[in-house]
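Each of the next two complexes has subunit A plus one more chain, namely subunit B in the first and subunit C in the second.
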Partner chain A sequence: MSDSVMSPEYTEAVKNLLFQLADDDFMYSFRGSEWLGLAPHIEADIAYSSISQDTMGHAAMYYTLLENLGAGKADDLAHFRPASERRNSILTERVNGSGYYLETPHYDWAYAVTRSYFYTQAKKVKIDSLCESSYKPLAEIAVKVRMELYYHRLHWETWFKQLMSSTDVAKKKMNEAIALVLADFGDVFSYGQQKVAIESNGLIGSEEALKQKWEMSIEPLMTSLQMQMPKIPDQLVKNGRNGEHTKDLEEGLTTLSEVYKFDSAAAW
Partner chain B sequence: MTALTELTVERVYEALLNVKDPEIDTISIFDLGMIGEVTTNGNHVKVVLLPTFLGCPALEIIKKNTVNAIKELPEATEVEVEFTYHPPWTSDRITEKGHQNLRAFGIAPPPRHFKEDGSWHVDCAYCGSTYVTMDNIFGPTACRSILYCKSCKNVFEAMKPVSTNM
Partner chain C sequence: MNNEKTFYHEYEIFSKRTPSSAFQHQFSLLAPNEEMALIMAQENFMRREPVADIWIVNRKHIKRMNAEEKMTLGRLENKEYRTTKGYGYLKKKWRQYEQEMLDEKEILSWGGERK
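Up next is the complex of A and B:
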């Protein structure tokens, strides 16, 4: 559908979905960038920073689509919106571990790998569906994102497989990380209160269909690792799609928007 | 009075050959396959560019350099440059000359084919040996990977293949 013939209801549904996609990639990418210089070895560091850069690019594309729909300036949407207006999954806002980035970061690599692998696999399922979206500008960007995502998915799957096939300590840490990630996974495939509007306009597949595709997509690896299939919780403690968030998001937003708030007219 | 040369699409393309990738200065954006469309209307030029990777920080610099290169043409008074994602940039858009120019920089050009399992192979950018190992799919920029040649014992880079089949 082109912009000129869109009904106000349709435009609203597009915007709501774009905020969810943009905020997800934005926060995931920010948490990834906090790992810069801290990954277990230099190759992992290069890969993670490159993936975070790509992902920030994806978020920027979604914010630009929102700008084109009159939602406001892309940079402002990324930096100025308070936590209560954010639509990202709570999974993407969680801190990387205890401690502060600049001082004593005790970040959890098992958690980074698990969150990244499950999130990237979920993103792949969504992007495949978005390539068929009724909103053409979004479908065109999805085709482009899919090519970059190919490398991200490959990277995290390799790490996940290797750590799960490693020592008992590694396996224990990974299993603890899986439990943490799954506890926050309930809103990843949720559209929150926008479910009907988003699904009925053919913008993306249904929550149930995508969830099922995600399970099917990771099943071969789980089977080969002799692991139980991860169970996405049905009951949500918080649903980020409805603006319900943890304090981690507020702290993260304060840090990431500090420079932009200091001088929002500066050119980067 | 000097008659102005007529503004043609060919003239614009000639100007675009001078716009290099800011991070790989041996290759032009034309040979990288980044030019989607060039149209002229009187003294107005419009160039549509295809970004290689969405998060590439060089895009704004490329846009600025493109505007400046076209403004070198005295007959081009109005210049408009924009990015589009359709068609998507894919690595098979890089020209044969582009492949040569990438090698000149020490970067193996992206392979034209994938194997059945989705993996790919390139030869060493320096000595051409096929005896290479992948060190890191990710590299110093979004579009590059890092490899090692077991023949000439050099680390080299390769441009990642990108296709709609991925």
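Up next is the complex of A and C:
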């Protein structure tokens, strides 16, 4: 459907979905950017930073679509909206570990790898579905994003495989990370209160269908690693799609918007 | 495929013209082992050119990309920030600041007050 013939209800549903997609990639890439200089070795550092930049680029495309729909300036949407208005999954807002970037960051690489692998695999499932979206501008962006996802997915799958096939210490850390990631995975495939509007307008596949595709997509790797299939919880502690978030998000937003808020009229 | 049992192996040959130049892939040849590959490479292909060094690599030791892996090479054209041309506007901006009047208002603003 093109912008000119859209009903107000349809436009609302598109905007709601776009906020979920944009906020997911935005927070995920912000957390990724906090690894700069801290990854296990220099090539891993560059590769992860590149992936974070790519992902920030994907968020920017979604925010631009929102800008085109009259939701406000893309940069403002990314920086100014308070936590209660954010629609990202709580998985993407979680800190990387204890400590802060500028002082004693004790970040957890096993968590970074697991969150990234599960998240990117989920993103791939969503993007494949979005390529068929009834909202044409979104389908066109999905085709572009898909191009860069091949590398992102392979990158994290490879790390995941390597660490799971490594020492007992590595396996222990990975299993702890998997438990943490899964505890927050409940809202990844949720559309929150917008479920009916988003699904009935054919913007993207249903929550259940995508969840099933995600499970099928990681099953071969889990089998080859002789691992149990990860179980996505049915009961949600918080649903980020409804604006329910952890304090990690508020702290993260304060940090990431600090410079932009300092002089929002500056031309960068 | 049972390459281990064949007498000949495929070798990829790399060489450089001077000690400080980069290695370049030149060609491949068949040989029973690395030593034989080296003497073949040198006399068959490099007798008319100066050579500073030669590398011999058994082809089976090269990790190649399959069709699926080649999919990972795609990239979006939205990364001007990774190239120098993405910062071309800086020159103009710099010139603009250089040409701005150094007036009293400007100098006072250095004290921390907003202009």
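To be clear about the criterion, the second predicted complex is superposed on the first by the 268 of 268 C-alpha atoms of A that agree within 3 Å, B and C clash if a C-alpha of one lies under 4 Å from a C-alpha of the other, contacts with A are read in each partner's own complex, and residues count from 1 in each chain.
The rule is short, and it goes like this: a contact is a pair of C-beta atoms (placed from the backbone, for glycine too) under 8 Å apart; a residue touches a chain by one contact, two chains touch by 3 or more.
Note that the structure is predicted; figures quoted are calculated from it, not measured.
J.: Looking at the overlay on subunit A, is there a clash between subunit B and subunit C, or do the two fit?
T.: clash
J.: Is A:Leu225 in contact with subunit B, with subunit C, with both, or with neither (first, second, both, neither)?
T.: In the superposition, A:Leu225 touches no partner, neither subunit B nor subunit C.
J.: State whether A:Ile51 touches subunit B only (first), subunit C only (second), both chains, or neither.
T.: The answer is first: A:Ile51 touches subunit B but not subunit C.
J.: For A:Glu43, is the partner it touches subunit B (first), subunit C (second), both, or none of the two (neither)?
T.: A:Glu43 sits against subunit B, while subunit C stays out of touch.
J.: For the three-chain arrangement built by superposition, which of subunit B and subunit C touches the greater number of subunit A residues?
T.: B
J.: Tell me the contact category for A:Leu69 with respect to subunit B and subunit C: first, second, both or neither.
T.: So A:Leu69 meets neither subunit B nor subunit C here.
J.: Thinking of the overlay built on chain A, is A:Ala170 touched by subunit B (first), by subunit C (second), by both, or by neither?
T.: Neither partner.
J.: Which of the two partners, first being subunit B and second being subunit C, lies in contact with A:Tyr150: first, second, both, or neither?
T.: A:Tyr150 sits against subunit B and subunit C alike.
J.: For A:Ile141 in the superposed arrangement: first (subunit B), second (subunit C), both or neither?
T.: Only subunit B; A:Ile141 stays clear of subunit C.
J.: Give the one stretch of subunit C, out of 21-29, 39-47 or 93-101, that collides with subunit B after superposing.
T.: The answer is stretch 21-29.
J.: Does any part of subunit A touch subunit B in one structure and subunit C in the other, and if so which residues?
T.: Shared contact residues on subunit A (touching subunit B in one complex, subunit C in the other): 53-54, 57, 60, 144-145, 147-148, 150-151, 154.
J.: Can you tell me which positions in subunit C touch subunit A when the two form their complex?
T.: Touch list, subunit C to subunit A: 69, 71-76, 78-79, 81-82.
J.: Mind listing the subunit A positions that touch subunit C in their complex?
T.: 53-54, 57, 60, 144-145, 147-148, 150-151, 154
J.: Per the contact definition, I'd like the list of subunit A residues that touch subunit B in the complex.
T.: Counting only subunit A, the residues touching subunit B are 43, 46-47, 50-51, 53-58, 60-61, 140-141, 143-148, 150-151, 154-155.
J.: Could you please specify the touching residues of subunit B with respect to subunit A in the complex?
T.: That would be residues 51, 53-57, 85-86, 88-90, 118, 135-140, 142, 146, 160, 162-164, 166 of subunit B.
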